[in-house]
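Naming follows writing order (A, B, C and D), and every chain is counted from residue 1.
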Amino acid sequence: MPEALLTVKNLSVDFHTARGTVHAVRNVSWSVNRGETLAILGESGSGKSVSASAVMNLLDTPPAEIVSGEIFHEGKELLKISYEEHRALNGKKIAMIFQDPLGHLNPVYTVGWQIVEMMTAHGRPIEMARARALELVTRVGIPEPEKALKKYPHQFSGGQRQRLMIAMALMLKPDILIADEPTTALDVTVQAEVLALLKELQQETGMALVLITHDLGVVAEIADRVVVMSEGEIVEEGTAREVYHKPRHAYTRKLIGAAPGKGDIRQPGPEASVLLEVSGLEKTYGNFTALKDAAFTLARGQSLAVVGESGSGKSTLARTILRLEQADKGTALWKGRDLITMPQRDLLAIRQQIQMVFQDPTQSLNPRMSVYQLISEGWEIHGLMPDRKARRARVEELLEQVELLPSHCDRYPHQFSGGQRQRIAIARALALEPELIICDEAVSALDVSVQAQVMALLDDLRAKLGISYLFIAHDLGVVRDFADTVLVMKEGEIVEQGSTEAIFSAPQHPYTQRLLAANLDPDPDIQAQRARSGRAAP
Amino acid sequence: MTLRYLLTGALLASAAVSPALAQDNTAITVVLSEELDLVEPCMATRSNIGRVILQNINETLTELDVRGDAGLMPRLAESWEDRGDGVWRFSLRDGVTFSDGTAFDAADVKHSFDRVFSDQITCESARYFADTQLTFDIVDDLTIDVTAEPAQPILPLLMSLVTIVPSETPVEFVRDPIGTGPYVLSEWQAGQYIQLDRRDDYWGEQPEVTSARYVFRGEAAVRAAMVETGEADIAPQITELEATNPATDFSYPNSETVYLRVDSADEPTSDIRVRKALNHAIDREAFIGTLLADGTELAVAMVPPTTLGWNGDLAPLAYDPDLARELLAEAEADGVDVSLPVEIIARTENFPNVTEVAEALTQMLSDAGFNASMRMVEVAEHEQYYSKPYPESEGTNLILAQHDNSRGDPVFSMYFKYHSEGTQSGIAIPEVDDLIERATAATGAERDALWSELFAYVHDEAVADVLLFHMVGHSRVGERLDFTPTIATNQQLQLSEIGFK
Amino acid sequence: MIKLVGQRAIASLLSLSVLMVMVFFLSRLTGDPAALFLPIDATEQMKEQFRALHGLDRPILEQFGLYIRDVLHLDFGESLRRARPAIDIVLEAYAWTLPLALITMALVIVAAIFLGSIAAFNVGGVIDRGISVVSLIGASAPDFWIAIVAIVVFAINLAWLPTSGVGTPWHWIMPVGILFIRPFGLIVQVVRGSMLSALSAPYVKTARAKGVKNGPLIFVHTLRNAMLPVITVIGDQAAALLNGAVIVETIFGFPGVGKLMIDSILQRDFNVVMAAILVTAIAIFIMNILIDIAYSILDPRIRQ
Amino acid sequence: MSDSTAVKPVSQDQNKGASALLGMLWRDKFAFVSAIVLLIIMAFAIFGPALLGDLATSQNLRGRNSPPFDLSRGWIFVLGGDSLGRPILARLIVAAQSTMAVAAGAVATALVIGAFFGLIAGYMGKTASQIIMRLADVIMSFPSLLLAVVVLYVLGPSIPNMILVLAITRIPIYLRTTRAEVLEVRERMFVQAAVVMGASHRRIVLRHILPVIAPTLITIATLDFAFVMLAESSLSFLGIGIQPPSITWGLMVSQGRPYLNTAWWLAFWPGLMIVITALSLNLLSNWMRVALDPAQRWRLESRKSTDA
C-alpha cells in the first residue's frame, strides 16, 4: 500500500479542564489519499474535530495535550516540526474550512483582503494573489466577483460565505482540504450546491478532502470512505456504502436507525374540531415582506409542519400568531377568538393554552434559573398550584415524563446536554397543560440520535395528551416522520399545503420539488441514483 | 478664533522656551500662590495684585516705611502739609515720567482718584475712604490740594494706598498698566507668567533687578521646591512646614491677626462671663511651635504691634479651664443657657493649618464645658457668616477669621470690627463707638492715646471677642539674592529692595 | 454618516441647552460674587455698584433673558473678575488642556493596547498579573499624592525634571505621567479582556489555519476586533480629560481649563463657568463624533 | 457542531447555600483574603467609632506627628500620630465608618437610581428612552465640581450631602450600562419564552432581565467604590469635600498632604487603606462574577467528583 497523503496514527489527546481531564480522542488513526474524500462521522462530543485540529496545529496547549500519536504528511511528522514550519504548511499544503463561515471570516476586513492574505501570508506577490482571488471567486460562483472582493462578510448570504471560504482555502492549491461541518448551517438547497461545488473542485484539483460531519446524508452524498467516531474513539471505518449497509458496530447501527425520514408516513386522523384558524396574516419589515397572506387551519390533535428555508417566513408566522410580533393584517382565530386583536389582558390568560419550544434550549432557558424555577414559573405567572409541595411533586412528575430524573430539579441548564435541555424546555411547555405547542426548529440543533428521542417524546405526548403541534422545521426527514399536514413556505408565502403523504409523494410546486430533491438521503445508493437521474440541484 | 488659540497652545507646547534656569544674573523669578485676575493699579491694595505692581509699576504719593522707623515717607509727593479745614496740600515730585513717556503732574493724581471713585469701575482702594468725600484742586502742575469732608487726619497715610496712573487711562479695568515705577509690564501670558522689565528712565535710583518674571503655583510645597531647585528665586509665601532651610527661609510677622469673632447679641455669648470663659478656655501657647510657626505672637488687639496706639500693657487672658468652667457655672446660675451650641465657623485655606487650629480650638472649648462644634466652610459661605447681617442660629457662631492691617493705623480695622455699625462687629457698645469716632478724627499723640484706650477697653472691659494670634509668614529666598521679607511682604514686593549677593 | 452627525448634533444641542439653563440658575444659588470680588470690609455701596455694573442686581429671570440674548449674538459675557470676555479666557485655557488631554490619551492608548495585548497573551502568567496589580494600585492611589511625591523624587531629589510650570517639553512629563495612570489602569484591563475574547474568536482559528504569522495574527486580525469595546472606554476617559484635570493643573501650575473652572466656580465668576462648560461640552461632542467615526472605520458592520 | 472541547456536563452533588459559597470562596485564595480584609474593614466601620471614638479625637498638640512603629506611646500609636497628636491607627479605624458610608452610599444610590432608569430606558419605548438618555447626557456633562459647590453651599457640607453629590455624578454610568445591557438581553430567547408563558413586564424585567445584568452592574459598582473614595478625597483636596470634624480616609490623605515631606505617614496610611480596599474589592468582584453565574460556578466548585 503506497504511503497515504496524510496519515494520523494512534493519536490521543486529553483536555485538562478545571473539572478534570477529558480524553477527547483515544488512539485515533486514519489516512487520506490524493483525490479521495474521507468523512469523519460523529455526533457532538465524539471528538471528530480533534484530530483535524491536531493536523492543523489548532489545538490550544494547554488545555489540550497530545498524549501520543503521530501525523505524517509528505514524510514529515507534523507533531514534531517547529511552529514556524507548521505555519508554512497551513493553507499552503493543507487548508481548512469551517462550519460557521460568518464567524470564521474576520468581520472587519473585506473578503478580498482575507482571500488575498492566504497568498501574501505565504510570501506570494500581491498582484498574483489578486488575480488568483478573482479567478477563484468567479469559479465558486459568486456574482459580480470584482465587487464582491470589496465587500465584507456580513454582506453575503450563508452559502456565498461558504463559497468564499472555499475560494480562500483553494488559493494555494492545497493537497488536502479539511472541511469541518461545512454545510451544517446552510439550507438544504444551498447545502446541495456547496457539496456539489466541493466535489467538482476536488475533481479539478485532485486534492484530498477530509469532511467532518454529523450528517449521514452528507456522507452518502460525497464520501468515498468514512470513519465513525463515538466518545473519542473510532468505532467503525470503511467505504460509505459498506458502513451504511453493513454497519458492524452497535453505535453505527443506532446512528443509522435514528436517521429520520425512513418511517411510515402518517395518515391524517379523523376530523376533529378546529383549534386555530389563520387567514390573511401579513407582516412586513420596512420594504421586506416577511409574511404574505398566510392562511391555514389546525385541528385539535393535529401536527402541522411548516417547512421552508431561512428567510421563508416560517418563524414570523409562529411569532405573529403568538403576538411576539404584531401582524399588520389578518386574523388568527383561537377557538373562535382573534389572537391578533385580543386585548393584552385576555391574551395573558390564553398564553397558558399555547406554548412554544424554541430552537436553541441553551438560549431559551434562563441560565440563572434552576430547573424547578424554570418549570414552575408558568404556575407562578398564572397563579396556579399555590401549594409548594404539590408544585414540587408536579415538576418531578413532568421531569419523569420527559425522561429526566426528579433529582434534576435543583440543577441549572448548563449542567445538561443539549437534548436534555430541550426536554426541560418541553417540560416547561407541558407544565401549563397547553392545547397547542409551537415548536420552532425544536430539534434542529440536536444530534440525530437525540433528535429521534425528542421526536418520539413529542409524538408520545400527542398520543397521550392530545396536544396539537405547529411544527416548524427545515429538515424534511423529521417532518415526514412527524407531521400529518405540511405547509411549504417560500419568501413569506405558503406555496403549497397538503397532507404529508401528498407533499412527499407528489409535490406540486416546483419549489417543493426542488426542496425534496436537495434533501440528502442517508443511503449512498439512493444518492448515487439521484445523481445519475440528474435530479440533483444545479 | 478657536483655531488660533489651539494653534498657539500647540506651538507653545512643542516649542522649547528657554527655562528659568538660563536667565542672566539680574533677572529673577518670583513664584506666587495664585494667578492675578487683573493687573489693575486701582486694585493694588489687593495683596496678590499689590505684590506685582505696587511700587514696581505704579507708585503712590506716599509710602509707609516698614523696614525702619521713618514712618510715612515721600514717594511721588515730595512733601505735604495740613492747611486746616480738612485741606491737605501735596507737592509733587518733578521730572517724573510715566513709562509711556508722558510727564507726571497734578492732573494725573486727580484722574487717578476720579477713577477710584468712579461708578463705572469697582476699585478696591475706594473702601479706605468710605464716608470721606475728597475734592481735588489742582494748584499748579506739581501742586494739588485735597479737601476731605469730614476732615481726615491721616490723609497722607491713605495716599500710600492709591496708585497713580496717567490721566489718559480709561475708566475701566486695564490690562497694560502704565505707571511711574521702575518697571514696566512687558508680557503677560495668562496662566503662565507675568514679566516685568526695568525702565531706563525711572526718576529714582536704578534697582539692581533688571527683570522679574512672576509665576503661579497653588501648592506651597511646589513653590518651596522651585526655589530649592533654582527654578525660582523668591517664594514670598510658603508654609512653616516647608520652611526648613535656615539659609533660604525667612519668617516675618505678616500683619495678619487671627481671632474668633463673637456675636454678643446671641445667647450665650451675650453674657460677658461666657465671653471670658471662651478666652480662658483656650491654651494659646500650645499652638505656637506646633500648629503655628515659632514667632507667632499672642494677640491682644486686632492689629499688629507695629501699629499706632499699640497698648503694651494688655495681656491675653490666661489659659485656665477651671476658671472657664466656673465662669460658665456662674452664668448658668444667672439663667444663661450655656448648653446652647457654640459653633466655630472657619474658612478652608484661610491660613496654613486652619483646619487643625479649628479642631484644636473646638476641643479646648469642649474640654472647658462648652457645647462646641466646628464647621469648615468655603470662602463664599464664610463671608455670609462673617459680615452683617448675621444668619440666625441656635446658640451662636464663633467666626474664626484672619484680619490684615499692615497700614500702620488702626483706623483700617477698628471701625469694621468693633463699631456698632461695623460690618463685622460683634458688639454694640456706645463707649466703643465713641472712642472709635474720636480716635478717627484725632491726630498726633491724642490719636495714639485714644487708640490705646480703645484697645484696652475692647480687650479688658468689653471682652468683645477671642483674640488669638499675630501670625508670621514664611518666605523662601534664593541664596543668590539679598533680600529680607518684612511685614509688608504680604501686600507688596518691591523689586527695588532686592539685591544680589 | 452625515445624517447621524446631524442627529447627534441636534440631540447634543438640546442637552447642552438644558445643561446651560441648569448651570445658570444653580450657580446663582451659590452666593454673591460681589462679596467675593471685593474685600471683606468693602462698603455695601461698593457691592451695590459692582452688582449694578454686572447686572447682578436685576431679577434673575431678567438676567437670564439678557444672557440668552447675548449668547444668541455669540457674546458669552465678561468675566466678573478679569475684565475680559469670558470666552477668550476659556479658549486660552483650553489651548493648554487640549494638547495635554490628547498627548496623555495618545500615550495611554498606545501603552494600554500594547501591554493589555501582552497580558492577554500571557494570561495567568507573571506579566499578566504584574500588569494587573500595578495598574490597579496606580489607579487607586490618590493622584495629588502621587503628584507631590513625584515632584519630590524627580524634581528635587533626582533633579531630572522641572518641578512645575509649562515651557519646555520637559515640563509636560510629570503632568502627563500622572494623568496617564488612571485611564491607563482602566483601559489596559479592558484591552486585556477584549483581546482575550477576540483571541478565542473563530476567525482567529481561520487565520491560523491559513498560516498567518503571529504578528499579523495579533495586530491585524485580532486587535482591530478587540478595539471595538475598548473605544467606548477610551471615549469616557478622554471625556474626563477634556473636562480638564483640576488636581494636576493645580499642583503643576498648568494653565488649563480644569483649574480655571474650579477657580471660577469658587469665585462665582458665572460667565466664565458657563463659557467653560460650553467649550468643554463642545469638545466632548466633537470627540464623541470622532469615536463614532472610529467605530465605523474599525467595524464595517456599523457603516450601514 | 464543532466539538473540540468535549466536556460533558458532569453529574455532581449540588452544593447548597452559604457553606457552598464559603467553599467556593476558599477555593480562590485571592478572593478569600480580600473577603477577610473587607470583613475587617466592615468591622472597623461598624464598631470602630463606638470603641475608639474618644481615642481618635483626643488631641495632644505637643505630641503631634509622632513617627510610626514607635510603641513608646502605646500600641495605638503604632502607625504614628497626626498633626494634632491623635493616633492615626484609631483614626483610620474610626474613619472607616464614614468612608464606607460615603462610598457605599454613593455607589448604592447611583446604582439603584441608574439601574431603575436604565431598565425603563432599555425596556420601554423610544420616547422614554430618548428623554432619559438626554437627561443622562446633561448630568454627565454637568461639572461635578460645580455640583459639589452648589450642594455644599445650599445644603451644607455633611456626609449625606457628599453622598448626594457623588451619587449624582455616577448615575449616568449605571444608567447607560443598564440600558445597553437591557437592549441586548430583552432580545434573548428566554425573555421571549417568558412572554410566551404570559409573564408581565414587571416579571420579565425583575426576574429575567435584572438577574442577568446584575453581575455587570455589581462589577462596575465594586470598581466604582474605589473611584468614589478617590473622588471624595479630591474634593477634600480642593476644599469642597467633607470637612472636619468628620473624618474619612480621603480627607485624611488630603489633610496629610502638606506633611508629605516631613511626616509621610499622615497621608500614607489612609492612602494605603484606599488602595487595599480597592484591590480587595476588585479581586472579590472578579470572584463574585463567577460565583454568581450558575453557568460558571463550577470553576469554583469542589473538584473531587471529577478528578478521579
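Operating definition for what follows: a contact is a pair of C-beta atoms (placed from the backbone, for glycine too) under 8 Å apart; a residue touches a chain by one contact, two chains touch by 3 or more.
Quick caveat, the model's predicted, so the values are computed rather than measured.
Shared contact partners of subunit B and subunit D are C. The chain with its CA mean position farthest from that of subunit B is A. Looking at C-D alongside A-C, one finds more C-beta pairs in contact between the chains of C-D. Taking the mean of each chain's C-alpha atoms, the chain whose centre lies closest to the overall C-alpha mean is C. Taking the mean of the C-alpha atoms as each chain's centre, subunit C and subunit D sit 24 Å apart. Mean C-alpha positions place subunit A and subunit C at a centre distance of 50 Å. Remark: subunit A and subunit B have CA centroids separated by 86 Å (rounded to whole angstrom).
Inter-chain spacing, taken between the CA centroids of subunit A and subunit D, is 45 Å. Each of the following residues of subunit B touches two or more other chains: 221, 378, 380-381. Shared interface positions of subunit A, defined as residues touching 2 or more other chains, are 58, 98. Touching of two or more other chains is recorded for residues 30-31, 148, 152, 250, 266 of subunit C.
Chain pairs recorded as touching, per the definition above, are A-C, A-D, B-C, B-D, C-D. On the side of subunit B, the complex with subunit D involves touching residues 220-221, 239, 241-242, 244, 283, 286-287, 290-291, 348-349, 352-353, 355-356, 358-360, 362-363, 373-378, 380-381. Residues 201-203, 205-213, 216, 221, 224-225, 298-301 of subunit C touch subunit A in their complex. Listing the residues of subunit D that touch subunit B in their complex gives 57, 59, 61-62, 64, 83-84, 149, 152-153, 156-157, 239-240, 243-245, 255, 258-262. Partner subunit C is touched in their complex by these residues of subunit B: 1-2, 5-10, 12-14, 16-20, 35, 37-38, 40, 45-46, 119-122, 124, 126-127, 130, 172-173, 175, 190-192, 215-219, 221-222, 225-226, 228-229, 231, 378-381, 383-384, 386-387, 412, 416, 423-424. By the touch rule above, subunit A contacts subunit C in their complex via residues 56-58, 87-92, 95-96, 98, 100, 103-110, 117-118, 121-122, 152, 154, 165, 168.
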